[in-house]
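Down below are the structures I want you to see.
In what comes next, chain A is part of two complexes: it sits with chain B in the first one and with chain C in the second one.
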Partner chain A sequence: MLLSPNAMGRRLRYGLFCTTAIIALFLLLPIVFIVLLSFGSSQWLIFPPPGWTLKWYGQFFANEQWMTSALVSLKVAVLTTICALALGLPAAFALVRGRFPGRELLYALFTLPMIVPLVIIAVAVYALFLKLGYTGTLFAFVVSHVIVALPFTVISLINSLKLFDQAIEDAAVICGASRLQAILKVTFPAIRPGIVAGALFAFLVSWDEVVLSVMMASPSLQTLPVKMWTTLRQDLTPVIAVASTLLIGLSFLVMLIAALLRRRTSPTR
Partner chain B sequence: MKMAARPTPAANLAARASRAPTAQSHSGEQAVRWRGATYLLPALLFLGLFFLVPLLGLLLRGVLEPTPGLGNYEQLFASSAYSKVLFNTFAVASLVTLFSLLLGFPLAWAITLTPNGWGRWLLNIVLLSMWTSLLARTYSWLVLLQSSGVINSTLQSLGLINEPLAMVHNLTGVVIGMSYIMIPFIVLPLQATMSAIDPMVLQAGSICGASPLRSFFKVFLPLCRPGIFSGGLMVFVMSLGYYVTPALLGGAQNMMLPEFIIQQVQSFLNWGLASAAAALLILITLVLFYVYLKLQAESPVASSTAR
Partner chain C sequence: MSAVITDTSQAAATPLVRLSKLNKHYGDFVAVDNLSLDIHEGEFLTFLGSSGSGKSTTLSMLAGFETPSSGEILVQGKSLINVPPHKRDIGMVFQRYSLFPHLSVRGNISFPLDIRKLAADECERRVEAMLKLVQLESFAHRRPSQLSGGQQQRVAIARALVYEPRILLMDEPLGALDKKLREDLQDELRHLHRRLGITIVYVTHDQEEAMRLSQRIAIFSHGRIVGLGTGQTLYQNPPNAFVASFLGNSNFLQGTLTGNASVQFEQQALAIKPQNLPLNSDVLLMVRPEKAQVLPLDAPTPLLTGWNEITAQVSEVVFLGDSLTCSVVTPGGSRLTVKALPHGQAPLHSGAQVRVRWAAADACVYSEWNAADLSKSAAH
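Let's look at the complex of A and B:
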C-alpha cells in the first residue's frame, strides 16, 4: 500500500512528490549554481550576476599554472588507470578462480584502502615518500592514487568475472587455443564492461583526489584539485568556478558513458 | 554491472560475502591452484610496500616518538582541547548521519515507488550529485552560504532576517555540506532494501485495518531498518574520516580528527601525536565497519537483494 503509487492515497502521493522535488532541488542547487556562476561577470560572485561573460574561461585557459595542473591531473589519472588495471586484472582472476587458502582475507585486504580514512593513507604514504625523498614527483602521485583506485577496479573486475562462465573459455582451449589466447580473445571481450567500469572508476578516483594529492604536491608539480584547493584557501575567485564547471562536465560525461554501458550490458544479464 | 556502477564499498562487500563461491570447473591439481595465486603477487606486493608498511610505520610512530611509551595517547585523552576534537568529530558525524537519513529516506522511497518515471529522474540526480567533483560541490556551498551569498541575500530581501546568518566556517556549514555529500550513500542502500520488500506485506496490513500512518511506523519502517542501519552506519564511518569539506566549510572552533591529524603533521611536525590520533581513528572505523558487516550478514532483506 505504501509501496504502490496508485494505492497509497493521493494526499500521501503528492506529499512525497513535493518533498522529493524539494530535496532534488537541494541536490541540484550547488551544481547548477556553480555552472551559472562561472559565466557571471561579478568578481565577487554576486548572484544573480550583473552580466554574463566568458572572461573567467579566458583567464583559466590563459593561466599557465591552471593549464599545467590540468595536464598533470590528466597524466596522473591515465597512468593510475593503467597501473590499476595492470595490477587489478591478474588479481581479480586469482581471487575469482584461485582456490588457495585465505582468499576471503586477501579480498578484505584489497578492499581495505577503501575503508581506512583517506587522511590516514595520505599521512602514511607521505611519511614513506618523505623518507625516500619522492614527494612532489609524478611517481608519488601515481602510487598514492593507485592505492585508493585499486579496490574500485578490483571489485568491478571481480563482479563481471564472476558472471562469466569459465566453461566458454575452456571450450576455446579444447578447440585448440592456448589459455592465454582464450583469455585474450574470449574472456576479455566478455568481461569488457567490467574492465571499462574498472578503468572509469580508477580514472575518476584519481581525477578527483584531493587529500592524497595535497600531501604529495610540491609547488612545481600539482594536480588540478590541488591548484583549486590552494587557490580556494586564498580567495573565492570565479576562475575556480570555471575549473569546477569543467570538472562537472567531465563527471557528467563519465556518468553518461557508464549509463550507456549499463544499458548495453543489461540484456545479457 | 549495476552493482559495480555503485561505489558503495560495503554493498559490494556484502554482495560478495552473501554469495557462495561459484563452482570451479578446475579443481584438484595443486600446481594449477598455486599458479593462480601467483597472479596476486604484483598487486599484493604493491599494497604491502606502499599501503601496509607505511600504515604500520605510521602506527608505530605513535608509541615510539618522541619517546617510547604511551605518552601520545595520554596527551590525546588528557588535554581538553584534544578531547574537544574527538567530541566534535562524533557530534558532526552524528548530525550528518541524522540529516542525510532524513533527506535520503523520501528519495529512496520515491525511487522505489516509481522506478521508471519520477523515480528514475531522482536516481539520476542522486548519481549526478555523487559523481560531481567533491571540491566543486564544496566550493559551491562555500559561495552559497557565505555572508554575502545568495541564501543570505535572499533571506534578507524577503525580510526574514536583518543580519546575515553565519552559515559557513562553523558547525552549520560543515553539517550542510557533509549531509549534502552523504545523501547518495543513504539513498542507494536504502533503495535496495525497500525494493526487496514485498508490497503484499503492506497490503496485508491495510486490509487488516491499519491506517497509512500506522502501517508506515509498524510495518514499513521496521522492514526498512536493515537499509537504514547499514546506510546510516556507513555514512557515520565515512563522516568520521572526512577532511576536505570540514576543512573548507568548518571553522577553527570545530576541528575534526582528520583535520587535526593533518595539522599535527604539516604545521607542528608532531608525528607522534598525529599517529596516535590516526590509530584511534582507524580503530573506531574498523570496529564500526565490523559491526556493519555483521548487520549485513544478519539482515534477511539485505541478503536477498544482493546479487
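Let's look at the complex of A and C:
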C-alpha cells in the first residue's frame, strides 16, 4: 500500500509536525513578543529587553486614564454580550424553526456584518450617530459593537439549536409546560454550551474591537484599544505593551473559562 | 338500580376520544383524509401503517402539535381543537425517548409534577412509585446519557404516566431498539397496560408489534383507516384486499363468479363462501399460506367436502426451521405460497407436480380491489 500509514506515515507525520509547529510559532510570536516587552526595562521597546521590571505595570495601574478606559471596555463588552444574546436568541429560533418566505435571505442579512468591511460599517454608523449626536456615548459603543458581534452569536446559537432535537421540547410541552416554559426550562439548559459560546464570541469581538470604537470615542469616553491607539500615535511607551498583555490576558482567561465550562457541561459517559 | 345500570352502559357507549371527519392538508398533499374514529376508555389501540399513511399526523393532532385543517376532536364530549397541547392532559412517549438531557432520571420523571406545582411530599411519593413501576429505582440519580436505550424509554414512559394523563400516546416508542429488547419491552408494556387500565394510542409500522400489544388495530393507508378491529379479526377476515396483503402473507387468485358460492378459476370450478354478487363479476380470492395444504399428486388422502383442490408445479421450497415455504405455479401462471410443516409428507422438490388444497370457508372473497394493493404483498 503506497499510502499506508506506516510506510508513508513517518515522514509525513514529521513534515506535518514541523509545519504545524512553524504555523503555531508564527501565530504566537507577536503575543510572546509583546508580553516579554511589557516586562522589559527599556523604555524604547528594545528586544531582547536589557533587563526585567514591573515598572510599566505600576504606571499603568496608577494612571487614571488607562484604568478608566479598561473599565469602559469591560462595561461595553458586557453590555454588548447581553444585547447580542437578547437579540440573537429570538433570531436563532426564528431562523431555525420558522417556516416563512425569505428565511434564507434573513439568515444572509444576519451574517452580513461578517462580510462587509468593518470600515464601511464604521463610517455608516459614525455618520448616523454624528447626526443624532450619539457619538462618544456608551450607547453608541454598544450598538456599533452589537452589529459586528451579532453574526458570531447568531451562528453559534443556530448551530446548537439545529442539533437540538425539538421533540425534547415537545415532550416538555406535553408534560404540561407552556411553550415558553419549555424553552426556558428545557431548551436553554440543553443548548447551554452554544449560548455560552455565543456570549463569549460577542464579548471577545467587543473587547478587542478598535475600528468602530475609534469612530465612536470621545476624549472622555474611550475603550482600552482606543486608548492604546491614541497613545501609540503620541509616544511609544512600554505601558502600551502592558495594556496589550492585559487585553490578551483577559481574552485568554475568557477562553479558558469557556473550555472549563464545556468540559463540565458535556455529559460523562 | 336501573338508573345506575343505564348510566354505566351509557358511559361504555360514549367513547373517551372521538375523532370526527378529521382532515389535514399540507398544500396539495392530503395527510389525513376525512378520518373518523372512536377510542374507548382503557383500550390499547394501535395505528398501523407504512410511513406517510397519516398515522403519526393523526397522533400529532391528538397531542395538539398539529392543527387539523377541518374536523373535530372530542375527549369526553369536549372539543380539544382550541386547547393547547400543554393543557390537554395527555401523556406522550416519543420515538427517540426525548428525555431532558440536563436532568437526572428523577428530575425527568418529576418534571410534569414540578410544572404543576405539586406538593413536595406528594411529588416524591409519585416519583418513587413510578421509579418502582419501571424498575429504575437504583438509576434515579443517573443522567439520560448514562442509560441504555431500553432504560431511557422506560424513563420516558414513567415521565408520561406520573401525572396520570387521560390518554397515553406512543409514537413508535420502540423503533430505535434492537429486536430482542423490543420484544421484552413489548411484553412489559402489555402487562403495564393491562395492570393500570390506561388508554393507550400506539403508533407503529411493525405489524407483529401491533399484534403483540393491541386490543384493537387501526390500519392506515393514504390518510384513511382501511381496517379496524382486533388483530385476529383483521388477519383472519381482512375487510379488503389491501388489509389482506398488508397484514402477513397472502395468496390472491382472480376468478369469475359462476354461482353464489362458486368461482371459475383457470378452467377449474372452486367453491367459495356464499356471496351476494352479480353473476360473472370478477372476484379475488385470498388464501393465507398456512391455510393451504400441499400434497403430492399420488397422495391417497381423500378431498374433504367444502375443500378446493387445484394442481400446480412446485417452483421453490425453502426450509425455515419450524416450517417449510413452498412456492407453486398453477398451469395458468398464478403463483401461490403454501406454508407447510416440514414433516409428515413426502419430500417436495422443485418441478414436482402437486395438489394444493384449502377449505372454502378459509378463503376471503373481494369484489373490489386495486392492482397496487396486491403488488404490495409481493414487495414484502
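Here, the second predicted complex is superposed on the first by the 234 of 269 C-alpha atoms of A that agree within 3 Å, B and C clash if a C-alpha of one lies under 4 Å from a C-alpha of the other, contacts with A are read in each partner's own complex, and residues count from 1 in each chain.
One rule holds for everything that comes next: a residue touches a chain if its C-beta (ideal position, glycine included) is under 8 Å from a C-beta of that chain, and two chains touch if they have at least 3 such contacts.
Quick caveat: nothing in here was measured; it's all calculated off a predicted structure.
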Touched partner set for A:L27, first chain B, second chain C, both or neither | first
Just chain B (first), just chain C (second), both, or neither: which does A:V76 touch?
-> neither
Using the superposition on chain A described above, determine whether A:A199 touches chain B (first), chain C (second), both, or neither.
-> neither
Of the two partner chains, chain B (first) and chain C (second), which one does A:A217 touch, if any: first, second, both, or neither?
-> neither
With the two structures laid over each other on chain A, which partner does A:A167 touch: chain B (first), chain C (second), both, or neither?
-> both
Give one of first, second, both or neither to describe whether A:A149 is in contact with chain B, with chain C, with both, or with none.
-> neither
Which partner reaches more residues of chain A, chain B or chain C?
-> B
Touching A:T111, do we find chain B (first), chain C (second), both, or neither?
-> first
If you stack the two complexes on chain A, which partner ends up touching A:C175: first (chain B), second (chain C), both, or neither?
-> second
Residues on chain A lying within both footprints (that of chain B and that of chain C) | 167, 170, 269
Per the touch rule above, chain A residues touching chain B in the complex are 1-5, 7-9, 12, 16-17, 19-20, 23-24, 26-31, 33-34, 37, 44-47, 86-88, 90-91, 93-100, 106-107, 109-128, 143-144, 146-147, 150-152, 154-156, 158-160, 162, 166-167, 170, 193-194, 197-198, 201, 204, 208, 210-211, 215, 225, 228-229, 232, 236, 240-241, 243-245, 247-248, 251-252, 254-255, 258, 261-262, 265-266, 269
In the complex of these two chains, what residues of chain C are touching chain A?
-> 63-65, 84-88, 90-92, 94-96, 98-102, 111-112, 115-116, 143, 145-146, 156, 159-160, 163
So, in the complex, the side of chain A touching chain C is made of residues 165, 167-168, 170-179, 181-182, 185-186, 189-190, 192, 267-269
What part of chain B is in contact with chain A in the complex they form?
-> 1-5, 7, 9, 12-13, 15-16, 19, 22, 24-27, 33-34, 36-40, 42-44, 46-47, 50-55, 57-58, 61, 103, 106-107, 109-110, 112-114, 118, 121-122, 125-129, 131-137, 139-144, 146, 148-150, 153, 180, 183, 194, 197, 199, 202-203, 205-206, 212, 215-216, 219-220, 237, 240-244, 248, 258, 261-262, 265, 271, 274, 278, 281-282, 285-286, 289
